[in-house]
Amino acid sequence: MSATEATEPTEAAQQRTPLRAKQRLGDIVFSRAALISGSAILLILALVAIFLVAQSLPAVVADPGDFIGKPASLWDYVWPLVFGTLWSATLALVMALPLAIGIALFISHYAPRRLAQLLGYIIDLLAAVPSVVYGLWGIGVLAPAVLPAYQWLTENLGWIPFFAGPVSGTGRTILTAAIVLGVMILPVMTAICREIFLQTPVLHEEAALALGATRWEMITMAVLPFGRPGIISGAMLGLGRALGETMAVAMVLSPQAIITFALLQSANPNTIAANIALSFPESYGVNVNLLIFTGLVLFLITLAVNSIARYIVNRRKDFSGAN
Amino acid sequence: MTATQAPAGITNSLTQGRLHPRTPWVILGLSLTAAAGIVSLISASTDSAFSLVGTVALGALFYLVMVVVISRQVEGSRQATDRFVTALVTGAFLVAMTPLVSLLFTVVVNGSARFDVQFFTSSMRNVVGEGGGAIHAIVGTLLMTGTAAIISIPIGLLTAIYLVEYGRGPLARAITFFVDVMTGIPSIVAGLFAYALFALFFDPGIRMGFAGAIALSVLMIPVVVRSCEEMLRVVPNELREASYALGVPKWLTILNVVLPTSAAGIATGIMLSIARVIGETAPLLIVAGFSQSMNYNLFADRMQSLPVFVFTSYSIQGVDTQAYLDRAWAGALTLILIVMLLNLIARLIARFFAPKLGR
Amino acid sequence: MSKRIEVNDLNVYYGKFKAVEDVTMVIEPRSVTAFIGPSGCGKSTFIRTLNRMHEVIPGAYVEGQVLVDGDDLYGPGVDPVLVRRQVGMVFQRPNPFPTMSIRDNVLAGVKLNNRRISKTDADDLVEKSLRGANLWNEVKDRLERPGSSISGGQQQRLCIARAIAVEPEVILMDEPCSALDPISTLAIEDLIEELKQNYTIVIVTHNMQQASRVSDKTAFFNIAGTGKPGKLIEYDDTSVIFSNPSVKDTEDYVSGKFG
Amino acid sequence: MSKRIEVNDLNVYYGKFKAVEDVTMVIEPRSVTAFIGPSGCGKSTFIRTLNRMHEVIPGAYVEGQVLVDGDDLYGPGVDPVLVRRQVGMVFQRPNPFPTMSIRDNVLAGVKLNNRRISKTDADDLVEKSLRGANLWNEVKDRLERPGSSISGGQQQRLCIARAIAVEPEVILMDEPCSALDPISTLAIEDLIEELKQNYTIVIVTHNMQQASRVSDKTAFFNIAGTGKPGKLIEYDDTSVIFSNPSVKDTEDYVSGKFG
Amino acid sequence: ANEGEAPEETGASLSGTLVGAGSSAVGAAQESWIAAFQTANPDVTVSYDPTGSGAGRETFAGGGSDFAGTDRAFNDEELNGGVEFVGCAPDSGIVQLPLYISPIAVIFQLEGIDSLNMTADVIAGIFAEQITNWNDPAIAALNEGVELPDLAITPVHRSDDSGTTENFTDYLAQAAPSVWTYEADGVWPLDSGEAAQGTSGVVDAVTNGTGTIGYADASRAGDLGTVSVGVGDEFVPFSPEAAAAVVDASPFVEGRADYDLSIELARDTTESGVYPVVLVAYLVACETYTDPAKAELVKAYFTYMASPEGQADAQAGAGSAPISAALFERVTAAIEVIGAAE
């Protein structure tokens, strides 16, 4: 950095100069604390990973005949769960993300200010509804409410594979579970999108408006590009929750060990987390390892999904607008 | 560009091609009326009940089509797009609010049956059937979530600060990446992990509130990091530079400039993270156990929490099922109210620090 | 292509605070009008009411009338979007879109009205606008870089390029040159001279020389004290304002001829 | 209280891009030195290296030496914080802290460092600094209002007040007046005149008159073309630069005497 | 305000804590037992984690709890070295007592119909999805005079691994072997049908659907229609007595110690007045504990649970069937074995 060795200051100069201060204690403490916290996360994660791998190994080497449901192989057991996990989370995200962006925009740029604050508050509150309650609501209110619509869909649009019959008799299908998941992750995603949208520099909004942009054009020019990393972050948080949600899915879904894209039938693919919740209480021996192995798989799925998201965010980092 | 529109005797060329402000409302009214007519015709011919949902959905569709078509004719395609999106955004909002309001409504209606003094003064110790309360679960939830928050918020916030203010290079990338991964740990796995960790150091029958707090922390930390990181990043560099230029060291800049500027966002983020874990059932059932009695000690014995209370009240009902269900819903309502209170506090704190925007 | 602006008894408020009081003036088409006055006297506030940009600020509203070629800007049913398409604006602080490339920044406003602009047309327009803002040579090799990757002065010129690319009928400029070096400033002044053949131009400036060089008419605003509203003190031909103003305050202000 | 700055063979880089090349100059204490030059020539970049503010930008670094009273700013173990406390800075764009009141903004240098100050001392300091920046009369009644609630020009003066409140030994100003009206500009110039009794002042300006009015020495920077580094072309007494420069480029630049 | 109530003077001298874990089916009964036992012994705290039978057995075997509740007894393989009981004294056996007997009701939701008669074959046919409509002749033949709708049957089973399912499929396999060709299993063996979590989930699914049928602990049948099960020539509605009767009609598993009262349920019995669709849950304790105080506590708690008062409390709180006098004697004898290593 500097080519100053030649002019090493004299002893006297060093005394005179107040520039050469001791390393600042606050800075050291603060940056170390931050560093240690970051490392603590790595440590915790390493521990979790070690735990998952160590506890999974017995399942990998075990005879599949000992597993619940007697699958032909380990993958036969895991694969439908992987499918169900990704499928339900995707459905949830596809339904919830546009809505979340819509609500966030409504609050940040459409609603009157007073109303917006109130709405923001209500949405935040909903982020706190425990998953058990979502489960209760899903069983008691949502499933019966959507059943007529499902019947209508199978009768009239049954030729579309997604809506193929026979329709479930209780409405507790993967679509219902995905709706519950969507509703669950909606508040989190909305809250993050809203905060980011509100932070859009006024300068940029004004720039767009002064060019004669309509409100929507202003949003596409200034708000959404600025909020893009935040939207992706929020979506990832939501997706993480949807992928890992346990209780609500376990309570609402009518699962089977199958792979199907049909949305409205009684037999639905199960998710990894819900399957753990359903099977764990009665499992013992190698089946516990099996379930933990599925947990490891979920872990890896999340890893992959997040890597993709990060890649997308970083690809246009120069254009992020973050300073 | 717009000068192509001939004034043609209209008094104000700027209003030309502009719908009257009341027009959309008229269209909406017409759409709903038309939809109601069609739906009632259908329901009369098929002998089914009049569907309000169908009416609203059909009406919304009519409105969308009509407003776009009319606006396109009168105002041009850009305004039509704007109106379309406005309708869509508002619609998205209403659609999304429906389940959320239904949910809140369900909880409030069902929860009010047992929302009484006894519920907040007694535990379930020695209670069979009716009566009893959830004070033990409330205390447990507050203790465990509080401890998890005390562990997670500093770690999470400091990590976010590290990532935004200090972190460069491979370590920061690794942390960012693994925090993402952590957001995907299923809650039940966090519970199993905490159990395995504590079983290493204690006997296999170990159940304690603190272990529950650890499990919750594993779930909470990534949410804190992710949301706080996002909020810190939008603090303009100009402010940091202004502070550095005054000879303020970095840590004081972060503490006195960056954090207060993003306080509202951080408060929201922390609220989200608390909300994320305060409703967790599965991990607590595994490591904190299940108890009917009050326990103030985080480091010994089973500790009940509200979600576990709600879940077990629902799933393990005795003969008097209604009493169990009522308690379950009252527990859910209590949980939501607790979060509401925390939210309120967070907002007050945030308002205290928040940028005084007057521009 | 250019418009006459008539302002009648205009008051501008920020919530309860009256920032500008009782302005009445006529701005002729194909002319350059300069607003001068001490800081805080409401020049920015007033100029923003000429294309309804003040509405972006919560709580801001006006009383009175602004007529553009006889059409009331604040009449019922007037679309601010339409207003702003005809009355363009350049701001005090450069505000390029950081998520767009330099090229896209220039084209941002154009694409709104004309989505399917051909690549060659777009290229031509980009070059023309950037040349107009005296930026072309500096950025022609990095048109695809982010709009925020250039120096402050370059950014401001980019914003001017963006505003003139849409060819509005009136151009409002709020201290457009305050971040520019003399060469760029000269280029912008030349540009203004050129644009005034076709457009109506309003410019806020702190620079007396600039005002006297570029403007045909000058409006002097002043403020009686803090918390008081800004007022239009004198509005006349630039030569009159600078050589022979009729109000004492104006003379005091312009006689400190420097800046 | 004032310092002599010596710059030897300084190159400044943004990552791989060399923005400023090979600058060598001596800035005398108790003097005002002005940097002039076209936009993008690296004036801001260079002035930021004088208090190590460039380090805030990721990837920015210098080669060479900057000596302040013989102490190398870039020597091992030098604390940039202490450097910046001695070498203050005012930016091109006003950047008051939005979370703080006007009063707290002025006291920011004190308060952010968690230093205690008695109420009366604080009041005195606030008044003195605001007066120095010619802002006192405008804001004395609303010291508790947020720092972002005043006009752009007022904000910039607030930032100057904030910088002088910490009484640094060198003050760097990057186009401090570009957002100011003549009256405020005059006040700042007077202030510079006054401060130079005790401080070393470096100012970037696009305003030739300003440079010639306030500065003792002037440095002219130029850039050969885009992507090329900026260079120090000529550095001499202000009178020499403006009346009889030895380099042709300098003459060309200053002869367009306006701005 | 029930915490910290001044303990009544009961003269009880017991104190300490007792920890159990296991079957959620026993959960409600445990609530009743714990409440009554703690009331009688104010210095005692008993807790029971309703984490599930499998987890309960693992916890108990690993020494994590003092006793277990489980939907099935430890089997021969596990007892003969397959599982090590870490929490018990070395070489200790375990006491397995069928203290919780509960009828499983076959519940359905049909408007206006409270009760239907069905043989094991019909029930198996419905759950195997061979009988798919409520107006199927096989059902109609057994229910003369009942107006059966033309409505698809939606059978609902448990989505979780459960003792209720294991007992129910065991009944189907034993009583209708020609129709139900699957083995008894805690996991539903078919890939079709509606599934729901836990007893509550099944009850909710059946209640909220139409034409639904499921199986659940009888105490939760509520207002739903229930099936009278064909045994021999008669149709028996569920009742505690009828459920207890099947236990009495069944032999104990052979080759076990005297204090291991595992029962081989005879679901195919044709004896009159017997309701064969029952769930029997075992409470499991060590024969020998290392800690005498613990042994004393376990003994007292088990004695209470087995006692007529204890069984009555469970019936009141959880709707279970009290054990018969004959079983009570065997149980009492077994509990006597519980003690501590010297």
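Chains: A, B, C, D and E, in written order; residue numbering restarts at 1 for each.
One rule holds in what follows: a contact is a pair of C-beta atoms (placed from the backbone, for glycine too) under 8 Å apart; a residue touches a chain by one contact, two chains touch by 3 or more.
This is a predicted model, so every value here is computed, not measured.
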**Complete:** In the contact graph of chains, the distance from chain B to chain C in steps is 1
**Prompt:** Which two chains meet at the most C-beta pairs?
**Reply:** A-B
**Asked** Cα centroid separation between chain C and chain E, in whole Å?
**Response** 83
**Prompt:** At what distance in angstrom does the C-alpha mean of chain D lie from that of chain B?
**Reply:** 46
**Request:** Compute the distance, rounded to whole Å, between the mean C-alpha positions of chain A and chain B.
**Result:** 13
**Prompt:** How many angstrom lie between the CA centroids of chain C and chain D, rounded to a whole number?
**Reply:** 28
**Prompt:** Using the touch rule from the top of the page, what residues of chain D touch 2 or more other chains?
**Reply:** 81-83, 86, 93
**Prompt:** Which residues of chain B are in contact with two or more other chains?
**Reply:** 78-79, 82, 236-237, 249-250, 252, 314, 359
**Request:** List, in ascending order, every residue of chain E touching at least 2 other chains.
**Result:** 24, 51, 197, 201
**Request:** State the interface residues of chain B toward chain D in the complex, per the touch definition above.
**Result:** 168, 236-250, 252-253, 256-257, 260-261, 263, 353-359
**Asked** Which part of chain E faces chain B closely enough to touch in the complex?
**Response** 1-3, 17, 19, 24, 27-28, 31-32, 34-36, 38-39, 45, 47-51, 59, 62-65, 86-87, 197-201, 219-220, 222, 313, 316-319
**Residues of chain A that touch chain B when the two form their complex** = 24, 26-27, 29-31, 33-42, 44-45, 47-48, 51-52, 55, 98-103, 105-106, 110, 121-134, 136-137, 140-142, 179, 183, 186-188, 190-192, 195-196, 199, 201-202, 214-217, 219, 229-230, 233-234, 236-237, 240-241, 243-247, 272-273, 276-277, 280, 292, 295, 298-299, 301-303, 305-307, 309-310, 322-323
**Prompt:** Which residues of chain D touch chain B in the complex?
**Reply:** 51, 53, 56, 58, 80-86, 88-91, 93, 95-101, 108-109, 111-114, 145-149, 159, 162-163, 166, 168
**Fill in**
Residue positions on chain B within touch of chain A in the complex are 78-79, 81-82, 85-86, 88-93, 95-97, 99-100, 102-104, 106-107, 154-156, 158-159, 161-163, 165-167, 171-172, 174-190, 192-193, 196-197, 218, 221-223, 225-227, 229-231, 233-234, 236-237, 249-252, 254-255, 264-265, 268-269, 271-272, 274-276, 278-282, 306-307, 310-311, 314, 328-329, 332, 335-336, 339-340, 343, 347, 359
